[in-house]
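Look for chain A in each of the two complexes below; its partner is chain B in the first and chain C in the second.
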Partner chain A sequence: MTESESPDLPARPDEAQVPRIGVDEWVATHAGRTQLGRLQQRLSGVPSLGFYFLFGAIAAFVPVMTGNAYVVRVGFDTLLYMLLALGLNITVGYAGLLDLGYIAFYGFGAYTYAMLASPQFGIHWSTLAVIPVAVVATAILGFLVALPSRRLVGDYLAIVTLFFGQLFVTVYQNGESMSFLGFTRQVNATGGPNGIPNIDPFHAFGAKVTTVRGYFYVALIVFMLALFAVYLVDRSRTGRAWKSLREDPLAAELMGMPVNRLKLVAFSFGAAIAGLAGTMFAALNTAVFAADFDVPTLIIVYAMLILGGAGSLGGVIVGALIVNVSLEVLRTPDHATYVFYLLLLATLVAKLRPWRVLAVVLGGTIGFGYVVHAIVSSAAPTWVHGSASVGGWFGSWLEGWALHNDTPGTVGKFLFVLLVLAILGVMTLEGWWQKLAMIPTLYLAAVVWENVLVVEPSVTRLILVGVILIVLMNARPQGLLGTARVEIV
Partner chain B sequence: MSANGDTPLLRLDGVDTFYGPIHILQGLSLEVRAGELVCLLGGNASGKSTTLKTILGIVTPRNGAVRLEGEDVTKRATSYRIRKGLAIVPENRRLFAPMTVLENLQMGAFLHGGGTKEDFDRVYGLFPLLYERRSQLAGTLSGGEQQMVAMGRALMAKPKLLLMDEPSMGLAPILVERSFEIIKQVNDAGVAMLVVEQNANVSLSIADRGYVLSTGRLVLEGKADELRENEDLRKAYLGR
Partner chain C sequence: MNWNLFLTELVAGITHGSVYALIALGYSMVYGILKLLNFAHGDVYMVGSFVGFGIISLFGGSENLSVNSWVLLLVMLLCAMLAGGLLGVMIERFAYRRLRTAPRIAPLITALGVAFFLENSAQLLLGAQYQSYNSYGWHGGSLWAEGFTLPSGVHVGMPQIIAVVGAVVLMLGLTGFVQRTQLGKAMRATSFDREAAAMMGIDVDKVIVATFFIGSALAGAAGVFNGLVYQQVWPYMGFQAGLYAFIAAVVGGIGNLPGAVIGGLVIGLAQSFSIGYISSTFSDAIVFAILIAVMILRPSGVLGRAAVQKV
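Let's look at the complex of A and B:
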């Protein structure tokens, strides 16, 4: 071999003479040339930074257009969720590390801010000092959690991090009399179940952020900066290395990538962003409780990430927006009811073909309802004395069609179980039998909704968001803005 | 590289590799000299891939040594060995399917900052098709094209020694021949190669030397021409 660093390989051969191995003419002419493919290509031609700026500009106008503090507050929460999803996107979306303890980093950031800016310890640092300290501390915590787990992959990592998340909640919920490994005297570190109240608002140079609108703008600026930072990392060598690590860890290792270091960096980068979100949460709410950082919040952030498309920055924005706004809209039982019936109808219209099948099932369900209602009203009148979940003409129609018990209780729970069994039954049947079985099942679903679900809106809205997720994921498994997975076969 | 022409580029000395309690490679010794094209033949599960993993440091042998240009790298990380001039085209190619051809090539030069223009020119010169397909997702390429990406990705690291794990696997016969032509071409340009194969016929036709592995032990070694005439090998692998 010669002394030269790079061996000289033959020059570009004359293309005409080289057999063109593996050129599949069909693929060559058709790849990415469908209508949808064209649209996607044209959209992907627009620089994504353009979209982000557009989003930032529109978001900046929200508080200007509405004086409604509630709307601005929902906007702030949504931005906070976007920031959380952005961090999770690094750990899960880019590096493919299933981190189920993620929300603990959010909590850690919030508590760190609370401890350094509240009467709890009598410390009132400037916000410009607390935020960097909280972010760096959370990054270090992320590093420490990942350190023993970095060789763990897949399911094991998920279990270890889930355990860590629960440990965080338990420790902070019982931290009202803690001592450091038994060496120091007992101190009230976390306020235990009472949390830490009276947290200072963001303040620097003598100015304070006191309005929701102010926090909205702080959150917007912080999110846009974080988004830009992640955007740069995404396009860097490290960003690509994360993605290849997620795709094929062994191949990444074979290319000489420092697999463990990449995992550690992804983990603590994600944690740092969650910690940053935590400081804003603490400052706006002026109180923190460990229960705020438990599994339900984790699930919501995951839902946002998956819905938007893991690994996609635009998906973080879209996913957080859809999920959080849906959750808010569904807080009102009236909205939830309309969403429920519309979802049912939309699913039937989308799934039942041809039209006569749809007509039979819909007509059958309505007819079945009137018959049942007529029979029951004479046999067991308490079952038609309740009132519908909504008012208006739709409500009165529902009262004449679906059963409404005046005191739905244990019977309701029984109906719920019956509904689950009926759905399972429908799924095992085929052909016309399945369509026929759908008629009483749909009616049962309506009755369960009217009597059971709508009574407990907090559970119901989560169930509904879950259903929306399932429906969307069926339509687009990679998430709204995610790239379809390409399998090498 | 070493100025001393007597030091082989790669040398395995009595290597014993285990997966847990299972003894796979048993006292394996082999060497590849600068500029050589060596093939390592063996049937299914004979330990060919394990040999390559041992060379790269994905697994560490319990006994014996792995030397690159005379330096004992047995305890060194994979990245260190790659910096010293190793690269691999893995079994089944293992491309990063949802990434473009271009990104795959960049990942091949990860330890060299993602590749210089010169690196890309070199690889595109060898595989003009990769230039045309640079923004296509690797997972959507045909088998032959994927093989080119895998080789191009490995060559982006400017290796002194290129390891190839069963390059003919899953390719149509005509593509196998073309693949080996390219392998020969790359070797002629000065890159030493260790090609692991089950297809003894084609690989011996281009190799300088060959080793034959059977359940983790070397059973035969010699010049490629001699091996081609060897009765036992013919019976076992060449099928004539």
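Let's look at the complex of A and C:
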């Protein structure tokens, strides 16, 4: 039907929210939407395996280039997170099953390794024996969790698995003396809140892995093997079947896909990879605590997967790298401050067009800052006598521009709330009013950063993870490297 | 039979159950209309609880209150409900509204993000330590001295009565609102079929905002009741409570308001009886077992009707 045949057709009430998909003009513009740049065209010719090998080669040089054990340690953690995101990518990215108990499998793998290779029970198996046992045990656990859940649709699955994750933490945290029906068995299975200490390092054939650098290479090799395995599965019959399950479970079932079996396999496969990551975590840290496997870790892994793009292997690498490195950077106030201002500037440069607007907003913010600083220095001198979070010329400039108070107290907290409200306010405004409102908001952001956020890095990083998830889902739900999908209802 | 233990656990279960039921109502309403698992709902409850705590501090702290306990309670409830409701509306407006047509996973992850943001912001603003309503100290504990004593010597304090009665009153009010008013009718219609409701001229946006406001206000009230009876408030209290409340909503049949109340009571009683009779460590496991059993035996919940999936 064309427009001319039905001139009186009223618009839908929720017209603006419904994507115009499938209509002729949308299809006609398809080629325009997927137009690639020249560089992108060149790069799209390279098979993705090439990129993965390149990544592996570059990563292998990291410990060679730096002797700094801390950097290598961060690299190891990043590889571990990549492995975790890789496993989650199978369950969530390929099969589309929202598994919120995923981190429990990680914990289960770690605890299994800890129990079989530590003085806890006096068992010291060889690593080559423990790892397969731990991985298979975790896969079986994943199978068992999926068994009652396989009939559940989307959200119900999420809640069952989330509760399973909570259950895991509770049980392992109280595992030093379980009480049941009045019997209190004093079997110390998990060490309770004290965890299991003194875990053996990886050892096989008389050789031991003791250095962080050694673990880095173990993790790199394991990750590359796992990546290759997942890459093959991705292209196999099973991989294609998972994706059809993700796109439309009902249609997949009608096409004769063994939907239940596919779900169980996806769950077990993802769980096995998490268990493998767990064994490495336990071996390097030489101790495991149930609290490490709680919701915050889960959300960080989800943030990685989502940022990179669920269902994309390259996305797993990129997402884990970005999230973990930025979380590490946030630990040191010095680096964090530079990153914060650079990020702010980069966002403004990317989002504000034309450049006149950018100049007005930036200039306005700087001018606004000096004015406020001058007023406050006469009205409330304590707010200009603090010190900036960084040294050098940038720090001294900040001290002369932004407000600093070494003990911001309650006022600082009100400023934080005010900042959140101001950002929400800017989002509702449009046009020039929005640009004008950005000026005080940006200044406020700088003040809140200097006085409140940078002081509490451990909380700030988690707040930022939450914000990343919200913003990313609203702006680009498919992540950096994912492909946009249309859900047909 | 040890009546004392039985009645203690019964009272605790009903009190806990009414708090869960209040939270579950909001979960259920939002899920009914948007099909969205609002993980941030438990954190709205946490904020409500902290608002109540702030009001106590405002009136001189729990040990030397400057007003009558009842006046204080009324102010606390009103403020917590208003704050909870506004917070819920803001969450909807800024985090969920643009995602109504996105793939299902997007709003879910956003909800996790909002929950994470609220919890950690609360920790930044209020500190990680536990705070206490200390309702035993209000005017020398006069509130707890009132109430009645059950046959075997189990004392039911006024705070517990207030929590249960308050929850019942709010639930009745909600039922009346949904059944009798025009907006309530619009809510039911939207929950039944959002597109059809929009075609019938119902302002779906308005309905969704109202749903978030009412559901979140109930969660705020639940926060105050919980603090009144169980004293403690802390930034991470919302996640676990939200989880239990969601299970209550599922057990009762999601989107079904009387079902949410029954589910809340079932979960509250199951939790307190398993703590009393079986093991405090395993109470979570027992709730989990109930959830799995309901999911397998009656996926649509105790009171829910089986949904027909349209293609």
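The working rule: the second predicted complex is superposed on the first by the 418 of 489 C-alpha atoms of A that agree within 3 Å, B and C clash if a C-alpha of one lies under 4 Å from a C-alpha of the other, contacts with A are read in each partner's own complex, and residues count from 1 in each chain.
Here is the rule we use: a contact is a pair of C-beta atoms (placed from the backbone, for glycine too) under 8 Å apart; a residue touches a chain by one contact, two chains touch by 3 or more.
Because the structure is a prediction, the values reported are computed rather than measured.
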Message = A:M65 in the overlay: touching chain B, chain C, both, or neither? Say first, second, both or neither.
response = neither
Contacts of A:R240 with chain B and chain C, given as first, second, both or neither = first
Request  = Using the superposition on chain A described above, determine whether A:K413 touches chain B (first), chain C (second), both, or neither.
outcome  = second
Inquiry  = Under the stated touch criterion, which partner chain does A:P258 make contact with: chain B (first), chain C (second), both, or neither?
reply    = first
Key: Residue contacts on chain A - larger count, chain B or chain C   = C
Request  = Check the residue A:A379 against both partner chains and state whether it touches chain B (first), chain C (second), both, or neither.
outcome  = neither
Task = State whether A:L250 touches chain B only (first), chain C only (second), both chains, or neither.
result = both
Ask   = Where on chain A do the contacts with chain B and the contacts with chain C coincide?
value = 12-13, 18-19, 250, 485, 487
Request  = Write out the stretch or stretches of chain C touching chain A in their complex.
outcome  = 31, 35, 37, 90, 94-95, 98-110, 112-118, 120-121, 123-125, 198-199, 201, 203-204, 239-240, 243, 246-247, 250, 278-282, 284-285, 287-288, 291-292, 295-296, 299, 309, 311
Task = Would you mind writing out the residues of chain A in touch with chain C in their complex?
result = 12-14, 17-19, 92, 96, 98, 148-149, 151-152, 154-156, 158-160, 162-164, 166-167, 170-171, 174, 178-181, 250, 295-296, 299, 302, 306, 310, 413, 416-417, 420, 424, 427, 452-453, 456, 459-460, 462-463, 465-470, 473-474, 477, 485, 487
Key: Touching residues on chain B, where the partner in the complex is chain A   = 1, 34-35, 56, 58, 78-79, 82-83, 88, 90, 92-99, 103, 106-108, 110-111, 113-114, 118-119, 122, 124-126, 128-129, 136-148, 153, 155, 157-158, 160, 174-175, 178-179, 185-186, 188-192
Ask   = Quick one: in the complex, what on chain A touches chain B?
value = 1-3, 5-13, 15, 18-24, 27, 31, 237, 240-241, 243-244, 247-248, 250-258, 483, 485-488
